Amino acid sequence: MDKQSKVVIDKNRCKGCALCIVYCPQSSLSLSRELNKLGVYPVEFTDDKSCTSCGFCYMVCPEVCIEVYK
Amino acid sequence: MEKKIIVCGSGGQGVLFSGVVLAWGAIEAGKHTTCFPSYGAEIRGGSSMSTVIISDEPIGSPVAESLDGLIALNELGYHRYIKKLLPGGIVVVNSSIAKVKADDRNFFEIPASELADRELGNILSANMVMIGYYIKKSGALSLDAVKSACEKLKYKKSAIELNKNALEVGYNYENKTSKGKRR
Amino acid sequence: MKKIFSRPESLKDTPHLYCPGCGHGIIHRLIAEVIDELGVREKTIGVAPVGCAVFAYDYFNFDVTEAPHGRPPAVATGIKRVLPDRVVFTYQGDGDLAAIGTAEIIHAAARSENITVIFVNNANYGMTGGQMAPTTLIGQKTSTTPEGRIENCHGLPIKVSELMAIFDGVSYIERTAVNTPKNILRTRKAIKMAFEAQIENKGLSLVEILSQCPVEWHMNPVVSAKWLDEEMLKFYPLGVIKG
Amino acid sequence: MEKKTLMKGNIAIAQGAIDGGLDAYFGYPITPQNEIPEFMSKKLPEINKVFIQAESELASINMVMGSAVAGFRSMTSSSSPGISLMQEGLSYLCGCELPCLIVNVQRGGPGLGNISGSQADYFQTVKGGGHGDYRLIAFAPDSVQEMYDFSLLSFELSEKYRNPVMILTDGVLGQMMEPIVVAIHEPRATSHEPRATKNWALDGCAGRKPRLIRSLLMVEGELEKHNWHLNRKYDDITKSEVKYEIVGHKDADVFIVAYGIVARICKSVIKDAGSKVGLIRPITLWPFPSEIISEIASPGKKKFLTVEMNLGQMVEDVKLSVNGKSPVEFLGRPGGGLVTAEEILQKLKGML
Amino acid sequence: MEKKTLMKGNIAIAQGAIDGGLDAYFGYPITPQNEIPEFMSKKLPEINKVFIQAESELASINMVMGSAVAGFRSMTSSSSPGISLMQEGLSYLCGCELPCLIVNVQRGGPGLGNISGSQADYFQTVKGGGHGDYRLIAFAPDSVQEMYDFSLLSFELSEKYRNPVMILTDGVLGQMMEPIVVAIHEPRATSHEPRATKNWALDGCAGRKPRLIRSLLMVEGELEKHNWHLNRKYDDITKSEVKYEIVGHKDADVFIVAYGIVARICKSVIKDAGSKVGLIRPITLWPFPSEIISEIASPGKKKFLTVEMNLGQMVEDVKLSVNGKSPVEFLGRPGGGLVTAEEILQKLKGML
Amino acid sequence: MKKIFSRPESLKDTPHLYCPGCGHGIIHRLIAEVIDELGVREKTIGVAPVGCAVFAYDYFNFDVTEAPHGRPPAVATGIKRVLPDRVVFTYQGDGDLAAIGTAEIIHAAARSENITVIFVNNANYGMTGGQMAPTTLIGQKTSTTPEGRIENCHGLPIKVSELMAIFDGVSYIERTAVNTPKNILRTRKAIKMAFEAQIENKGLSLVEILSQCPVEWHMNPVVSAKWLDEEMLKFYPLGVIKG
Amino acid sequence: MDKQSKVVIDKNRCKGCALCIVYCPQSSLSLSRELNKLGVYPVEFTDDKSCTSCGFCYMVCPEVCIEVYK
Amino acid sequence: MEKKIIVCGSGGQGVLFSGVVLAWGAIEAGKHTTCFPSYGAEIRGGSSMSTVIISDEPIGSPVAESLDGLIALNELGYHRYIKKLLPGGIVVVNSSIAKVKADDRNFFEIPASELADRELGNILSANMVMIGYYIKKSGALSLDAVKSACEKLKYKKSAIELNKNALEVGYNYENKTSKGKRR
């Protein structure tokens, strides 16, 4: 786990559906520019300042590939 | 003559359409042909493939145990099917997307997505670019046959033209790589 | 920092084979969370449907059996009657439950079988390629309603929750959705209520979950979540229908 | 002398299943087997076992699947049209390797037909009325005693191989009464003992890894592998579980092959026909007693007569066993017509 | 030269049925045949014919029964598990003598199995998966062209005998594309012409006596009589409608017997195997081409090899035809495994 | 003197094989009278069930087909879709319609098939010897509920009319009985309304008819008519439920 | 037809269920003392004075073996 | 020795019970026996019958093509089955109900319903009266065997006694008719 982040994404499980991005109230997530092993652009956690650890991203993720810390 | 070819890629790349175009091309060339696409929950994962056989004789199984040609629109597909390639078989890879290392086969790369985008203004034409390039490299079918195949498919005139142009872009692509060389 | 949201124990660490954005993955996790929370993982037996979620058995970290298409309520009846103290639930799509399995769910309700039914309404047959389901909306195009569903040919969609509410033997029914965090939270609550009803021997409980099927709706996941909000909710209002 | 009691075939099946440790019965009414669910509805609640009248045969077979999944001794019964509705379920039960007992008290077909006894579901039973390569272990009792005995036996056998057992009988045997001995010679296993040994049954994963029961095998090659596994199992059953009876002299000139109610009638014919006629009675229809038939046919100077209450079904298995070494003739009556002793005698005269 | 068009097997079946005068299609989705209902849902409304997506396969087959009762050309399609659910309905359709077309695009079994092509529903199709003595006329196309041709032909044949026709194919043939000629050489009867000649169809009793369609025959002897009537009909069909293809030299040493997708593969093997190997391809699985096989087997110096995508089903009919006159071997792969040319060649080598 | 009540043309002059006092005979006659009255005998196609009334085809003087047990609505759908201008009706018992045929009747309703359903509720399976039906009353003894139907084992009886009323595609539903002259008169009216709804293309119409089954209720016919009044009507109130 | 009667009963079809008897408002019907061909005691029309031709007997008869005249 | 007997009558006359008593009697007598009743919709019309076979040897078909005995509790049944009676076979008819003309067979009438009503106070015992009379006339079974059969059936003591008495009434009935004579 990246000690810096409140939100950890298992990037090779992410299918890039972007649900977490649109539902993050703090715009703390965005699509990466690097393809993952599934051949899609996964989500990256970009901003642990604004992130409130609300868990919305975890909640909407169909791949259960997000963990949220506080 | 019998050529067994797999076209593979991910959903939305036009893999199944490519197979159909090749098979129609074979009909135009007066050959026997079969085209066997992946189907059902197989494609749930997002990969897609189509096996096309082109032959002077009636064809038995439409499924290929070994391949004369592999047209890989993405990396995953390349890795999945390359082991079926016969010695002397031809591989064509979309280097815009697939970063694969060539081995000692007849390995040809073409930045099909980029070419489609740049030359045709439509990145989705990458599949036809690949087909054009493949027939050039393999001699499996003539450009004319495949072009007239495009006309057989009930599409809008503009789409037909686009596809034919894309075939030509691929067919005429001056590849800077040679057999087995990395780009 | 403390981990506050992560994979529940009842969900195996196995990648989902569902399409990007598919609601099934979310629903699986919610069920697993509730099972964990209720502490019943070791006495839970799930019945998977035939539908995209047939693979549920690969994902849940408790006993799961397959059932023929539409028959999970009958299979669950068989299990629950011989093992009345286990927690038994079916997971069913709208084709599975509301089409081929109509008789089985209705009679499980009529008998007041003490099971929980997780009913995933995605308004089409996902697994077989997006054909019309009994729940498909009027006007909705599917691979067998190329001109959209037409009332006077295909009839109106079936409101399963309202239909099931008729049966006195059904103790809890709620319709929820998994397209937004708020709806997902409510779905989790509903699933918990439903399992609790079973644990308290109240008879059949059912949660109808509206779920996005981006691939067969031919929309990207984000658009599909919106479409659910804008189109499905009009016909399928959320809320507790019985309980 | 053992105490005999007068019992109806259907009741003997029900009592046999109960004495064999039945935990749960699920069924839907249909003539001529209604005595089975009716008896169960009375007896099972008395001994704290499960009786459910299902909403259909589809539901019945799937409830059986559920309670079999949980490792309990489970059963359903029906008659021809109802059994047709169970074909998908039977294919699943075999694919998932779930032990259970299914009883078909055959009636006249096709369609709604009538309610007389019949043997026209032989093919459905032994070749597979459902989809895919699978087999049911099929018993064909020819007396009320055997209805009881095989019903009692079926759970252990079906658990041994994790495969459904079918009792294939008919309206005449189901409805007739006969003296039988209802005696459980050895103490039966209670339903809970065998359950503990079922290391595949689902009952909650306390203290063990979660289990999974399924027949969907999508990964390339998996399903084929599973089928080869099943095939080996079927081979084992074929080697070990064939049951048949031979009546009359082994060196008879003509051998009748018949099962169930027809075999009884043939037995009475043989008594009169003298030493030139013998009877081979398959007791298990699958696995079929091919070997003994083949053996008897080998010298080549025998004749075979298959007698059935249908248009010719088991006769194919007889021919396959004989494999051209002797002539095989057929006598049959379809649609619930009961073959008579006179008809058989007549036919035999033409053959002797 | 006739104009060829590239077509998928499933679509060819659908188009063939439409060109054969289909009035009404009823079906329920299942892979690998979804293209059929999807195509029908688009095309039939355009030509004012009926398409209904039923709530289940049970409903499908009974809707087919309804529209067949009314004398209309009716059809359903499904794949293995769905066809298992139709077994009661098929028995009724045969009992009531109702013409119609049923398509089974087989997939791997048993149970949910997988969605690969398979041939494991042979027994179900030709022996009868439903109850009672009945028969389906069963076609096994081996090319997309034949998918079209037999679908087109089926209504006339099924009306001629008042008996359902089944097209038994598989996922590979259903999904593959091939060039075919879609040409209706003779003008087809419109759906209303044959209907007028159906003096049994129900469409209201205006100007005639009321009609009745049923399979329940309770009066003693009635059902048996009906079965004997059906039996004569089946005999007629067996005499007149057997279809097969022979490939290779009639004096080959080894004859492969194979149908459908496997027959195609065998054809390519024969090309390579030279003049010592021939192929008998049953085109109708029922009635089965027993006579020609028996004839070829007669000299006794032949060998037979049955190749199937199952654990050995048609091989029984081959053995019954050969009747011990020549050895019959079997090569098969179950669970959706596609037999390869190499495997067949290998096996042949051992036999030559 | 003028003949004022006698056998309708649509009923053949064939003796009924039903038990003495059985309601089926009365219902057959009522249907035949209505068909006569509407003048549609020559364009009517009936679908007989599997149940005691399977023999309906011997009694009606118009085209009739058999259907497998529970499937009359599917068979009727097949007929009506290809012959939309004919009058098509199903005649179904409570086992046929409410047990094995649950899915078929519900989906015919959901599709709003333009057919008429005559649903004969005699609270048991007459033909097979008086087993429990989905409509059997609580406490009622049958050959498979020797101690009487028990709510917490068998569930409550299904109220088919109320269930069907949920579907917008169903135009007319009434529950009536044939145990008294008054109820019989009302039944006749209801059957007529139901057929008229079909003729006016209004979608599925259904009449649920409570009917005595003296033999399997183990009562004489007169007592059975009373029992219907006293016991069945308590749970199944008569009246127009939709229309 | 018996010219005297308002109600004619086909006695060999009558199953003696007695429904017509109990529902006849005028008590114009009763059971015969002679068995019919079905082996039951059929109903007889006994009183054409009081009978009002109301048709109740016709209406309740499951065997459709009653005709009413006026 | 093998005796094939049909008992017939209408529903409610205790036909099936009579068959069971005969079969149990056979067991008591140490014989082989089968008892095959009519069932299902066959009995919807109201008739009922049961075929009982009593034999020294194992029995084949429980269905009888021809009869050694016919016990007719009503007229309809008599007419239906009399044609199956073998020469020398015995018919016993309940003359309280069935008015049939005798032919030249071993034809015996007994007013069983009246006897049951008068002597036993229960008209429903007519069936046992008939059985008693039949075994007397046919010698198929001993009275003792059939009486002890009654005890095997799980009924109330009083019912058992009633049945045994009824058997005796029938067994001891001094019939005033002789072979073929009308009453």
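Lettered A, B, C, D, E, F, G and H in written order, each chain numbered from 1.
The rule is short, and it goes like this: a residue touches a chain if its C-beta (ideal position, glycine included) is under 8 Å from a C-beta of that chain, and two chains touch if they have at least 3 such contacts.
All values reported here derive from a predicted model rather than from experimental measurement.
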Check your understanding: What shortest step count links chain C and chain H in the network of chain contacts?
Key -> 2
Check your understanding: More C-beta pairs touching across which pair, D-H or A-B?
Key -> D-H
Check your understanding: Cα centroid separation between chain B and chain G, in whole Å?
Key -> 87
Revision key, fill the gap. Rounded to the nearest Å, the gap between Cα centres of chain G and chain H is 36
Revision key, fill the gap. Rounded to the nearest Å, the gap separating the Cα centres of chain A and chain C is 26
Review point. Which chain A residues sit where two or more other chains touch them?
Key: none
**Study point:** Touching two or more other chains - residues of chain E
**Key:** 31, 34, 55-56, 58, 81, 88, 92, 96, 111-112, 115, 214-216, 218
Revision key, fill the gap. Each of the following residues of chain B touches two or more other chains, namely 40-41, 46
Practice item. Please give the residue numbers of chain E that touch chain C in the complex, ascending. Key: 28-31, 34, 37-38, 41-42, 45, 53, 55-57, 81, 111-112
Revision key, fill the gap. Chain D contacts chain C in the complex at 23-24, 26, 50, 52, 54-56, 58-60, 62-70, 72, 74, 88-89, 92, 96, 202-207, 210-216
Exercise for review: Spell out the part of chain B that touches chain E in their complex, as residue ranges.
Suggested key: 19-20, 23-24, 26-27, 32-37, 39-42, 57-63, 65, 152
**Study point:** Contact footprint of chain D on chain F as seen in their complex
**Key:** 50, 54, 66, 68-70, 95, 99-100, 102, 125, 127-129, 131-132, 134, 143-147, 154
Check your understanding: Across the complex, what residues on chain D touch chain H?
Key -> 4-6, 31-32, 34, 115, 171-172, 175-179, 261, 264-269, 271, 338, 340-342
